[in-house]
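Below is a structure I'd like to ask you about.
For clarity, chains are labelled A, B, C and D in written order, and residue numbers in each chain start from 1.
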Amino acid sequence: MHPLKFAVIGGDLRQVKLAQLLAADGHAVSAFAIDQARPEGAVLAASLKGAVREADCVLLPLPLMRACALNTPLSDTVLTLDEVFAALDPAQILCGGRVDEAAHRQAAEHGLTLLDYFTREELVIANAVATAEGAIQAAMEATPTILSGMRVLILGFGRIGKVLAHRLRALGMRVTVSARNYADLAWIAAYGYEGIHADALDSGLPGHDILFNTIPHRVLGAERLAALDAGTLCIDLASKPGGIDFAAAASLGVKTIWALGLPGEVAPVSAGVMIRDTIYNILADESSLKGG
Amino acid sequence: MHPLKFAVIGGDLRQVKLAQLLAADGHAVSAFAIDQARPEGAVLAASLKGAVREADCVLLPLPLMRACALNTPLSDTVLTLDEVFAALDPAQILCGGRVDEAAHRQAAEHGLTLLDYFTREELVIANAVATAEGAIQAAMEATPTILSGMRVLILGFGRIGKVLAHRLRALGMRVTVSARNYADLAWIAAYGYEGIHADALDSGLPGHDILFNTIPHRVLGAERLAALDAGTLCIDLASKPGGIDFAAAASLGVKTIWALGLPGEVAPVSAGVMIRDTIYNILADESSLKGG
Amino acid sequence: MHPLKFAVIGGDLRQVKLAQLLAADGHAVSAFAIDQARPEGAVLAASLKGAVREADCVLLPLPLMRACALNTPLSDTVLTLDEVFAALDPAQILCGGRVDEAAHRQAAEHGLTLLDYFTREELVIANAVATAEGAIQAAMEATPTILSGMRVLILGFGRIGKVLAHRLRALGMRVTVSARNYADLAWIAAYGYEGIHADALDSGLPGHDILFNTIPHRVLGAERLAALDAGTLCIDLASKPGGIDFAAAASLGVKTIWALGLPGEVAPVSAGVMIRDTIYNILADESSLKGG
Amino acid sequence: MHPLKFAVIGGDLRQVKLAQLLAADGHAVSAFAIDQARPEGAVLAASLKGAVREADCVLLPLPLMRACALNTPLSDTVLTLDEVFAALDPAQILCGGRVDEAAHRQAAEHGLTLLDYFTREELVIANAVATAEGAIQAAMEATPTILSGMRVLILGFGRIGKVLAHRLRALGMRVTVSARNYADLAWIAAYGYEGIHADALDSGLPGHDILFNTIPHRVLGAERLAALDAGTLCIDLASKPGGIDFAAAASLGVKTIWALGLPGEVAPVSAGVMIRDTIYNILADESSLKGG
């Protein structure tokens, strides 16, 4: 790729790393509203205007917003979306992460197209890999046993379930996966795991040392938690509201961990790399669209 | 499942096995137009009418048709689709494999819904597993070397590519996979294979001992075949017209194998099991639709 | 196995767990000199004499000794080996862990045979599994990246190297293993890792993100540490004196972790299970010897 | 390695390949008593004397002997060992495969040291990999099912058992391994297979689709064969007299395959490569012994 000019506005350690990586690849990078960090190779601009001037591509945080403003945990600067959008030119490529409907509309009112890099499948998959690794680390830290030889039940065979099952089996665990979809169950069989249809889950709950949930709705209520073997550790990887009734678990004495935001926590550097790669893919797609 | 009455009409060894398996599961099974085989536990009916009478579910071949008639390689009986459809009742569940648009329309004219079991994702996945195994067997048989330690290039990371890469790596091969889609490339990285973007394939062709193609269009023309290392074995798993220019390969001296229809060939019994399981899933879905 | 009488004398959390597990299996267990813990199901004896009376099998700590006395970190009781041995009967089976020559001789002077359970190959292998898991946990905790996709170099392909390579590969790492022995190199190839002969290690050091050493002598001196890529994390799993020149590493700015005693630290419960299983194997061997 | 002069005397396709490989590596190679083949790059000598003259290293067949003479299936030449040894000089390095005590003694009488390359651990391991692959191919060819999802029992966890279990699991099989040794059982657990102690094998025999035997003595007699599920396929990888009572199997209707000499049969080219690599290792060891 020939050198471009990037502006990184707001964000956390992942955006700091992103700015560094872009600079290390030979691009010109100006940054604003991440002033508590010093992204090596990037220029900290004195103003939003200065940061975005002549930028080919403007990169906003993941998630985009926090408390009705741009998400800027590494700065005291408060920026509204309108302020940011007003500073931009429709010719600039504009990207942000976890963009809601309102933000898309607001951008459109300024004549801008706001691309959500967190809807890119390749980033979601890479994120699932980081989540699976973080989940394994959490399980290792929470148990006074080795994982090897233990019996694990994974609820769901989406992206995280696939990566997790693959790695847990190689760590010597006996892996059972529950899914509702016949295609998922066919994949579970193809990889050689034990499969349970979701409708038969009730009878399949006992007999496990660790349970990972990846399904983003309340799948483990009081009744099912009570059916687990005493001592089963439950690790919930589903985002809010989560899949476990944590109050019921507490009163039943079931040990639980709610592991949220693992990629940013256990692997911020890798998360920065993943976002950089995804931005490059977006740019390649945009240029091939224009070129074609 | 409570016992049902099935009619199996036409088909090859897979349908024979299917009839046996259904009978072994306690169902009543009548068969017609597979009279050169004796499916244990099933009744060979004297007429089409007799076979389908009172059947809850009628099972047609995979593929459905051969030479404008029902596909009946194990019988001298010739049946047109119209004859078959005329014998049926709209209350009967009717399934066939690889059903084309014309056949669907013809069924509809008789007031029937013809369900294509070969469009069920779980059957397609199970079929991919059988295809991958057959491909490995073909590679073992065609080489005077062990696969362990050899360098393999897989074109495409769909169902077959995924299963094949998983198994070849465990056999000790050095696995590289080519894909166009960024999401596929993210999965390739997640499983730890080397990945090549399809646009960079030209430079990635040399350096391999075996190449498997899973992409169903002409991806390996004369120029690319000429770029392979001398002695590279090319195994094409793509259905007609295939992904390799076989004429060019022959004149260039590139060794090729076109492996078609592997599941039926290397594993007819497993293929029968897969179809049986899929039929059960179809029935469960149909009954839950009616029940709900 | 029919119920026996065990005496557990001294030791750490692993011996506490061991006592509990033996009791849970239906054996009578008396314990002494682990009085700061309460092993469920076992009887804390008031005296050494009381603990070992009528015991079929007496279990001493791992390691056996600390500061010239029996290793009793969970008790204020100080016991010399002679005191312990004087209380025992040659008909009792006597086991301890990491027994040195002097202790063996001292036991013999009392007419006793002291069996070292830590020389049993099955315990050493199980310990290697726990060490490998602990090493993976340490690597995950020490890096702001995911392991997936990183390049790892393992020095040595003994028990720990074998288990570690197997698991790291499944975590998506690119695994290279260095060994001196041609047989080890043949195994490395059989499992599909990249292999480097130890004599070629100097040129093979660059290009790695993480290095694990399993070789119990100074294999990484200043010169080799300087040859590593900047930022390579070195994790030493070798027992004292270790395989890394830590002083040189510090002055060169090479990040190191010396991970000792991982099984007891990350998985004391599993360590107790492993010792229990090994004791059972010892008893089975002893009884088949006597029986035969 | 600097170029050497090799003489290849007798042998089968593996020795032909060996001669070609040595020539391709830049060595001077003369061959004798393999005259029905034309090893590319090697010179076919007119006489034994001519072939071995000035050779640094003389390579004899694997196995060394057939019917009391040198093993020369690709030639009408009949050579006794004495004739061969009489033509050689003690300064020449002399290697053969599967050398018995008598042959060693005979060489010594001529003042020669005959090294057996088939006792080299790295060759035995590489051979085990080829045997495991051949066994998988045999299983695929002999079954009308896919291996994926089937239940396999492996008797023995030596070299072949280890490689076979690793690969069969990745092919989606449910792997159980039987072993007598506690250390082997610890390895079986470490890799996550189900383990059965050899003493409990009788009760563990039912419930499998395929059984592989790797134990070189009669482990499957009539009683055990009768305990297998109907339809279990038994593949014997043990050399003569084999581990299965084949007569009993035939009368019980148990399907058996006795797979002998797989490496030479399914992968002669790889077998040649393995021998070449082993010869190089022998030469490196010899020269370091002399050098040191």
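Basically, contacts are C-beta pairs under 8 Å (C-beta built on N, C-alpha and C of every residue); 3 or more make two chains touch, one makes a residue touch a chain.
No experiment lies behind these values; they were computed from the predicted model shown.
Listing every chain that touches chain C and chain D alike gives A, B. Counting the residue numbers used at the interface between chain A and chain D, over half appear in both copies, so the two copies meet with largely the same residues. Per-chain CA centroids place chain A at a distance of 50 Å from chain D.
A separation of 37 Å divides the Cα centre of chain A from that of chain C. Multi-chain contact residues of chain D (touching two or more other chains): 129, 148, 166, 169-170, 172, 189-191. Taken chain by chain, the contacts link every pair, so each chain touches all the others.
Put simply, chain C touches chain D in their complex at residues 120-123, 125-126, 128-129, 163, 166, 182-183, 185-187, 189-191, 278, 281. By the touch rule above, chain B contacts chain C in their complex via residues 148-149, 169-170, 172-174, 189-192.
Residues of chain C touching chain A in their complex: 129-130, 133, 136-137, 140-141, 143-148, 166-167, 169-172, 263, 266-270, 273.
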